[in-house]
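One structure is given below, encoded as structure tokens.
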Amino acid sequence: MAKELSLAGVLPPIPTPFDAGGDVDGQALLENLEYWNAFPLCGYVVLGTNGEAALMDSAEKVHVLQIAREGIPEGRLLIAGTGCQSTRETISMTAHAARCGVDAALVLPPSYFRAQMTREALQRHYHAVADAAEIPLLIYNMPACTGLDLDLECIAGIASHARVVGIKDSGGDTAKLGALRARLGDKFAVLAGSAGFFLPALAVGAVGGVLALANIAPAQCLEIERRFRAGDVAGAADVQRRMIPANAAVTSRWSVAGLKAAMDMLGLQGGAVRPPLVPLGVQERGELESVLIRAGILSSPRRAR
Amino acid sequence: MAKELSLAGVLPPIPTPFDAGGDVDGQALLENLEYWNAFPLCGYVVLGTNGEAALMDSAEKVHVLQIAREGIPEGRLLIAGTGCQSTRETISMTAHAARCGVDAALVLPPSYFRAQMTREALQRHYHAVADAAEIPLLIYNMPACTGLDLDLECIAGIASHARVVGIKDSGGDTAKLGALRARLGDKFAVLAGSAGFFLPALAVGAVGGVLALANIAPAQCLEIERRFRAGDVAGAADVQRRMIPANAAVTSRWSVAGLKAAMDMLGLQGGAVRPPLVPLGVQERGELESVLIRAGILSSPRRAR
Amino acid sequence: MAKELSLAGVLPPIPTPFDAGGDVDGQALLENLEYWNAFPLCGYVVLGTNGEAALMDSAEKVHVLQIAREGIPEGRLLIAGTGCQSTRETISMTAHAARCGVDAALVLPPSYFRAQMTREALQRHYHAVADAAEIPLLIYNMPACTGLDLDLECIAGIASHARVVGIKDSGGDTAKLGALRARLGDKFAVLAGSAGFFLPALAVGAVGGVLALANIAPAQCLEIERRFRAGDVAGAADVQRRMIPANAAVTSRWSVAGLKAAMDMLGLQGGAVRPPLVPLGVQERGELESVLIRAGILSSPRRAR
Amino acid sequence: MAKELSLAGVLPPIPTPFDAGGDVDGQALLENLEYWNAFPLCGYVVLGTNGEAALMDSAEKVHVLQIAREGIPEGRLLIAGTGCQSTRETISMTAHAARCGVDAALVLPPSYFRAQMTREALQRHYHAVADAAEIPLLIYNMPACTGLDLDLECIAGIASHARVVGIKDSGGDTAKLGALRARLGDKFAVLAGSAGFFLPALAVGAVGGVLALANIAPAQCLEIERRFRAGDVAGAADVQRRMIPANAAVTSRWSVAGLKAAMDMLGLQGGAVRPPLVPLGVQERGELESVLIRAGILSSPRRAR
């Protein structure tokens, strides 16, 4: 069953808006979804790194999933981050997600006891979660945040479970993406985890991407894929290369704070990040604005805010 | 006020026992405390790394604190790990701890967004927690689990808050411990975070240690300190060196699973670890037993279990 | 002047054969070159990582360059690794290379004092070498061996010198390769440093690759490029993916010892590695053989040797 | 035989002075030695990290050893760094050192092919060097420069050779130093590799230290050892803690450039570093001066130079 989910295309890992008091702002989330729904995106990832899931409690997470389900139309996937440090809480969160109508769970590996997270330990964890789950699972490899970089053997071991249908890999190692495709075949969905290497990933066999940049530049991300599928690799590469600095600004450099600031600049509902994340200062906002303008994402200088 | 807490001595960071169903076993915790209470320990750290706090939910944590408070006599410190990924949840957990009668909070730095955890971000986080807290705070530097190694400047910045009274540093860099003592004076308590470098840490000015090994070898840990204070450094070094392999076995090598297995071997209530942690296999238990016997912690070979 | 070197295509970084006494075996080198010359390779890199340059002295290096120059026909590039730990020795070795008729120098960054190798220090070093050089320079980014990963700003700073005409980057970060192409334009040659990500690199604008795998699978490496240039990305990806495990075997997994063993299996002059490198054991050779057969590089099982 | 070398005490790893043309300045080296000879130092390490050996060629190294031998009186050890990337060159350099009258060789592990430097490969390398050597060997663990941190098992394996008599470990892991002493006994000399953890290292059983700081603060380094041996650990700790910032300035922070600048300030022959090392700028010299004054190493502000 699970293997039939169609993950080809572009999925933004969407931020969670917070209101002035620091609580989840469901209305703002719905407004953002309405904007994104105008683009032919494959679906959405909710409660990922950019969703600040690491900074939210369980009840808030369920609340966000309910709102997202409401704002996402038929035919678009709703994928939810459900990975927690303990196996039992991951199972519980995955069950909550299924009850909220989520199509698949994106499961970050536990990493606090990283020295103990051997291949065997990780496989046990993922298989226990998969055994208990009622929805398909995607592995979420995110070494910049977890300090763990799942290797080919580890991923292949986890993927031996029928309910594990793919991976979002943010590590940027396109040789590994190609090796995954060669080893696990086209039934296992390989998704680029960052727009910086979207085209290279497509070139070696990824079916799509979960791209933070797609929150602020959905058209450009879709254009990379469209041109690639049409055989125009040179054209795709032009867009790809133009997007790299903007992508770096909202990922490695300023992370969620950069992404939310960029959304504000574009008229979307970005808003505050949760501490310990720190909002961009005035100078950083100026730099970000320049990056977005140079990339063609923001059309003209904004007034001082 | 806060600065008057007396942190000199040995504090075991105690494990959380779980019952057959995987839930917190309060009775087992009380039995362990009864055993440890017979030794002149300075106090206890609850809900640290060895407490598997990373694998527990908030309600369970409060439950454990209530039980621990009950089992810890007057005059012994109860220190609780309260660090969470978000500032708001860390504040909330610290308030819960204060209400449970905890003497001080041990605060792990948030590390999911590690690339964004600049000195400024960490200082803001710790100061926000300290501003809201009703009990003193200790910094908990644990690079092996967080992937963040707080440096001298960062720690000094955080320690500028009156309610931040010390640090448990598990990084093993004794030069940094000496530098902290020189920079922050003897009002700021420096605690060795692992028994592997307890004597070296005392030699450069640490006042005590939060030592996983003290769960299974309290007498030996106390003996290191006693001999050191009596001026018998050579004698202290003899015990210190004998303890190093045993300490490695229950920390870096097998972590909590090793510690709990060792407790079982000694007749204490160790029990199961929570997945994704994996219990020791038969061969590993054999190796651990040998290590404990060689260290003089376990008196004779145990029968097959 | 320098910028006119045509670096498009495939360049194997060739091993240095040693004879039974452990000395350079010039005849074996010439035999290998004769084999490779039958393929439309752009040229050769001599004295790179696979050339075991790190294990050779200056006189040996000059000797190897003289032999290589003799065995490489007109119209094929001879590129030589000339990076040493000191600026003065790098200048000297680059001058030797120029006198041997080398077309360009591939310069590894000094890394012993890595904590001191700031962008400024590295730029000074490269510019001093470039100022003194009579041949164009290529930067050689090789984090797996140097522990230094030159970032975009650092590379752009070094590339501001007219004599710095390109980079071989073995780090595998294809987003960085795309960013380099966007930032520095098509006059600056970006070369993939490993066959594992050759196609992804071409897709974002690399002009070619310095590929260890091209020593044992020149036809396949050229095929990836040919299909890519012909617009057949899917076909290129098929070959690319088939090559990844073989490439890993002769690079990250077994390094030069694996590459030389593979050459022996193919009837080329591989031979011994220099200690401290350790030759493959019997079992490892068996595994390597299987990998090569599965990749279609070796046609049939070899007899026991 | 070898095991009888007495390594107890303080050994400065001395810098190599260069003249205005960038060549070795033997006279300056002799002047420095004359200054240091007035202190009861155990001996000297020549051609270590601070000797900029990584930036010198073989002939220069032999030249420096000859001069050092001349300037070092009877009864003081002359230890020479002889580690090179290849086993054969390490053997050759060790033989040269023996011919120059060096008492022991300090052998850095080869690290260019670090992924291949397994315990087995390193043991083979060290044993091959030891088999060929006519003088005792010391292992030189220097992870900050080599990117390799030799662990307990690896060191024990290497130390099984009779000619391997000790280790200089700069990693700062005092638990490992204690474990080495426990495992290998007091016939194997454990030397602290940096003054930042000299007292902690002595406390767990190190016999002495190879301390960059001893070049500029020999009296203070000796005082730490003297007080420790006299049972005055608190007094030793006072000096130890006062030295930590000064030690950091001439090691991790500014490395050899800092050490040489400090020597200039003290009237010793520091002079230029070899590129790619970069000399301290005006502001950095000011900061260094303040650090040295606060540590009591420099008695009063110097005029602008």
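Chains here go by letter, A, B, C and D, matching the order in which they are written, and residues are numbered from 1 within each.
Methods note: contacts are C-beta pairs under 8 Å (C-beta built on N, C-alpha and C of every residue); 3 or more make two chains touch, one makes a residue touch a chain.
Here the structure is a predicted model, which means the values were calculated and not measured.
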| item | value |
| --- | --- |
| Farthest-lying chain, centroid of Cα atoms versus that of chain B | C |
| Inter-centroid spacing, chain C versus chain B (mean Cα positions, whole Å) | 49 |
| Interchain centroid distance [CA atoms averaged], chain A/chain B, Å | 35 |
| Chain A, residues touching no fewer than two other chains | none |
| Those chain pairs that satisfy the touch definition | A-B, A-C, B-D, C-D |
| Contact set on chain A toward chain B in their complex | 22, 49, 54-58, 85-89, 110, 112-118, 120-122, 124-125, 128, 144-145, 147, 252, 254-257, 274-278 |
| In the complex, chain C residues that touch chain A | 172-175, 178-179, 181-182, 194, 196-197, 199-205, 228, 231, 233, 236-237, 240-242, 244-245, 247-248 |
